[in-house]
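Listed after this line are the structures, all set down as structure tokens.
Heads up, the next two complexes both have chain A, just with different partners, chain B and then chain C.
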Partner chain A sequence: MFKILRDLLRYNIEFTIGFVLTLAIFLFALAHFWAPLPAEAIYLLPPDMPPSAQYWLGTTSRGQDVLWQMSAAIWNTMLFGLTVTILSRLLAVAVGMLSGYLGGKWDQILMTINDTMIALPNIPILLLVYFVMRDSMSWPVLAATAALLGWNYDARLIRSVTLSLRNREFTRHAVFAGMSVPQILMRQHLPYVMPVIFFTAMNNLIWAIGLEVTLSVLGFSDINRPTIGGMIYWANQHQAIIAGIWWWIAFPIIAIVLLFLGLFLLAISVNEYIDPRSRLSRMGA
Partner chain B sequence: MDGFPKYLLRRLLQFFLVIFLGVSGTFFITKLSPVDPVEQSLSLMTNFGATDPRAVELMRQALAELYGLQGSIFEQYLAFWGRVLRGDFGPSLSSFPTPVMSLIMSALPWTVGLLTLALIITWTLGNLLGALAGYYRTNTLLKLSGAVVMALHPVPAYIVGLVLLLVFGFIFPVLPISGGAQMNLQPGLSLDYIRSLIQHGTLPALTLVLVGIGSWFISMRSLVSNIVTDDHVVYAELGGVSSGKIFSQYVARNALLPQLTGLALSLGSVFGGAVITEFLYNYPGVGRLLIQGIYRGDYSLVLGVTTMSIVAVAVAVFIIDLIYPLIDPRVRLG
Partner chain C sequence: MNADVLKVEGLKAYYQMNYFGVRREVRAVDDVSLTIRRNEIYGIAGESSSGKSSLIKTIAGAITPPLRVVDGSVKFDFDGRTLDVYAEPQAMKGARWQNLSYIMQGSMNVLNPVRKVKHAFHDFAFKHMGLSERDFWAKVEQHLQRIGLDPRVLESYPHQLSGGMRQRLTIALATVCEPDFIIADEPTTALDVLVQQDVLALIKDVQRRMGASIIFVTHDMTVHAAIADRIGIVYAGRLVEEGPTLDVFRRPQHPYTAHLIGSLPRIGDSRKRSALPGKPPNLADPPSGCRFHPRCPLAIDKCKTDNPALLPRQTGRVACWRAGEVEAA
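Presenting the complex of A and B:
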């Protein structure tokens, strides 16, 4: 594991940039545990202060320090993203592996449901869920809803991997040795599926963070919990652009773009590592 | 039965299944609600002052009827299907007494127009760039443009749109940032009106293109770079077929098939991006209608837009499925 990491850092420039960016943002987000003021508190500082030596990134119209707000916001946003990713991976792996291994009728049923869910527009459904839940909408509920909508592409991918393992020699050996279906899937097939799970997890994380930003920018989540989208939501509510409080809106945008860039570079370089064909073509073979 | 009729039947089944599950799902989501939509609307309406309790009781009954919330769950479910099939979601509360359906119908052309245009540009440009980048692997210009579109692709539509809005609306105010067309112009086929339409549509469309183009680029590039090593391409190269012909007839055409399937699969998420973009630019489409409906607590409007967008996306997917056999002779001939 550490050897892979070392090699990737040494030979893959995209991985190095992505790794450094993501790590830096993660450490910055971690710092919010040592913040001088609670992140939810408002009007404790003079509002609308431009960036200065005292307030590095300025303060908001709600009397909050932009720097510490962002630190807590990135933490919450990442936490949301990871929760969605883990939940939706469980679904994708279960459906994908069962569908691929069982085949036949089960495969048809599961994949028909899968394809149907892909064709449904996510955002209107999420908005409807928010609309009916209203004030009882907390971030774990939102994460669970997002996870229910975000597994289907990857289930198809995992299914195709399992499908190719199904007729391999070692699977038959396992069947003759009397292993049960869950045992075969967990012990024999999961190691082969792992790289795909890992790669789709990165993409899913990026998708989930984007979803969180989108929903909270519109105010469709717990608006008192600091998130990156929530900061932009409050900045819009106070008309920060027109009032010239540019630091309130510019720094969150920069932070989220850097985070996306870091995660995306990690995702493509990990994908390249997993798929040796693209590594070969990179070397010019 | 095989070939085209079988293909058509399967697609048709899938189409009905999407609508059935989507509409049923929508119905059951509304049943999750911890708050009664009738009470919610009532509290919105009685906020303005004391109302006669008898009038409130009458209103409560009227709203329950309006929302189709009378009888058992099963009766409500059947009634909901009746509404969907008749296309009648009752009047909108926030712009009473206009029916929800006519609000949707007047917003739909804007969304369809914006989305179709943006999708055609995104798909064509993304695939063209991706195919070229996969075929001419050493070209620096293609590598550079690839890096730009790939970096933009994970960023949410709202952020890309907001940055464009700040740049072209505030820092260099060159394009209008709100609405679908200039207010004081008479809608029609006049030159001024069309120009205004294009100006207002540019930034929303650009947002959707910038967000969408990366994924087509990535998948097309990897498809093409796999096909390039296929036997039939190598054979054509050895046979002296010109590289332009190999690119368009041997490589790109084969790679386009999965991309067309991908187009059908991506419509749902593209629609989501359009919802956000429309709201950001105050574009008079279905997405803005939906978000405004949520802000105003308009139950019938939100339910109507959600249901209709599921149906609309399903129809669009089905249309793409019908186009597919024209490009893939294997489906057409069986």
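Presenting the complex of A and C:
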């Protein structure tokens, strides 16, 4: 594992940049565990201070340090994004592979559900869930709801891959040799589907973070929990741009853009490790 | 020991389709009976779409709808243990790979392109061998060496190997459990002649050493001449002639076989080879009587109405009303 990482860092510039960016942002987010003040506390510092030696990224109109707010916000946003991604990947892989491999009635039932989900608009449903749940709306509930909405396109994609794998010689050979359906799916097909899962996972992560930001900016989430969208929400509430408190909005946006960029570069370069053929062509073999 | 390992009786397997209320039935395997002895290589020859692959798939019990067995039976005999492929599918499951292995058509692609070769061996063969992990790999490596492959190939991906190596690997994969019976569907078709020769020699060598029986299919008559002990000629889903390879090549008794053999180029002979008029019949709507009669130069009225049975004649069996009058074309 360490060797793989070393070689990827050495030969793959995209991976190096993505790795450094993501690692830096991760360490920055991790730092909030050692923050001098609790992230939810307000009006403990002088408000509206511009970036200076004492407050590196300035303070908000709510008397919080932008640096430490952002650290906690990125952590929470990433946690939300990863939860959505993992839950929705599990759904997408299970539905896609079963539907593609089993075919027939199973395929019809699963794909009818899938296509129905595709037709449903996401934001109105999430708003509906928010209005129904109101005060009991917590981030895990929101993440579960988003995961339930975020798997369907990828399930279709994975189904199409499995559909073609089902008719390959190695599958027929495996069936003949007496491998069971779960064995064939896990051992023969999953490695083939893995790059698709990784790539859609990155798309899904970016989509989930974007969704969280959208909902938080509009105030449809737990607004007291610091997130990137939540920071922008409060900045808008205090009319930060009009008041000239640009650092309250600019730094969270820069952070999220860097996070997206790092994740994206990681995604495309990790694929090269997973798919042995493109790995070799890069090495010039 | 010349016991029968495989006995196929009156086997009929049809592709049955039902699209938009229109029923279509393609009779790919129609009333085929044959037996294969221990330690024998049996070749099945015939042109494209004559039902060779369907026949062999049906024998292997590896058929999926729309291909269905309509009638007849396929019985294997492994060391006195009789297995009926279509009556006892559960017992067959245990026998596969251990007693019966299958080299599939396009077997260059049998290896999963995104997994190392060793995983294929583990997945397909490990549970059938009943060995410990350590003994299993020792056995696999020994087997690979006998087949002329460096055991290091286990650590490679299929795309890192040449076509010939991959073909050898699939043969190694099919023979590592030392099965009693090997089914091979066009095992050498995608290879060039030199590699083909190598692979054929390998198959023959492995077969002799293990005392297994092989049934294999190819349209390439030279391959049959090279390794088959007996060959069966298939035309339009039916077995039309069967016999020891040398006899079939020297004295074909069915007019179709005579043409097939007559069409082969020979060194020093530059005569133009005549083609058979017409096309192979549509198996969804085969001709009445003998299926070869529309193209047969010897056809008589009887051929149009009555289907000749496959009857013993000299050293083999032949299905033709005028078998005695056929001469090598």
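As a convention for this text, the second predicted complex is superposed on the first by the 240 of 285 C-alpha atoms of A that agree within 3 Å, B and C clash if a C-alpha of one lies under 4 Å from a C-alpha of the other, contacts with A are read in each partner's own complex, and residues count from 1 in each chain.
Convention: a contact is a pair of C-beta atoms (placed from the backbone, for glycine too) under 8 Å apart; a residue touches a chain by one contact, two chains touch by 3 or more.
Only a predicted model underlies this, so the values are computations on that prediction, with no experimental measurement involved.
Chemist: Touch test for A:118: chain B only (first), chain C only (second), both, or neither?
Modeler: Only chain B; A:118 stays clear of chain C.
Chemist: Kindly classify A:132 by the partners it touches after superposition: chain B alone (first), chain C alone (second), both, or neither?
Modeler: Once the two structures are laid over each other on A, A:132 reaches chain B alone.
Chemist: For chain A, which side has the bigger count of touched residues, chain B or chain C?
Modeler: Between chain B and chain C, B touches the greater number of residues in chain A.
Chemist: Scan A:192 for contacts with chain B and chain C and give back first, second, both or neither.
Modeler: The second partner, chain C, only.
Chemist: For A:170, using the defined touch cut-off, is the partner it touches chain B, chain C, both, or neither? Pick first, second, both or neither.
Modeler: second
Chemist: In the overlay, answer first, second, both or neither for which of chain B and chain C A:36 touches.
Modeler: neither
Chemist: Just to be sure I read the superposition right, which of the two partners does A:178 touch: chain B = first, chain C = second, or both, or neither?
Modeler: In the superposed model, A:178 contacts chain C only, not chain B.
Chemist: Pick out the shared contact residues on chain A: the ones touching chain B in one complex and chain C in the other.
Modeler: Common interface on chain A, chain B vs chain C: 277.
Chemist: Within the complex, which stretch of chain A touches chain C?
Modeler: Where chain A meets chain C, its residues are 168-170, 172-179, 183, 187-188, 191-192, 194, 275-277, 280.
Chemist: Over in the complex, which chain C residues touch chain A? Could you list them?
Modeler: Listed in rising order, the residues of chain C that touch chain A are 60, 62, 93-94, 96-97, 102, 104-107, 109-115, 119-120, 123-125, 127-128, 157, 159-160.
Chemist: Give every residue of chain A touching chain B within the complex, in rising order.
Modeler: 112-113, 115-125, 127-136, 153, 206, 210-211, 213-214, 217-218, 220, 229, 232, 241, 249, 253, 256-257, 260-261, 263-264, 268, 277-278, 281
Chemist: Can you list the chain B residues touching chain A in their complex?
Modeler: Residue list for chain B touching chain A: 14, 17-18, 21-22, 25-26, 29-30, 32-35, 37, 40, 137, 150-151, 153-159, 162-163, 166, 170, 222, 225-226, 264-265, 267-269, 271-273, 275-276, 279, 290-291, 294, 302-303, 305-306, 309-310, 313-314, 317.
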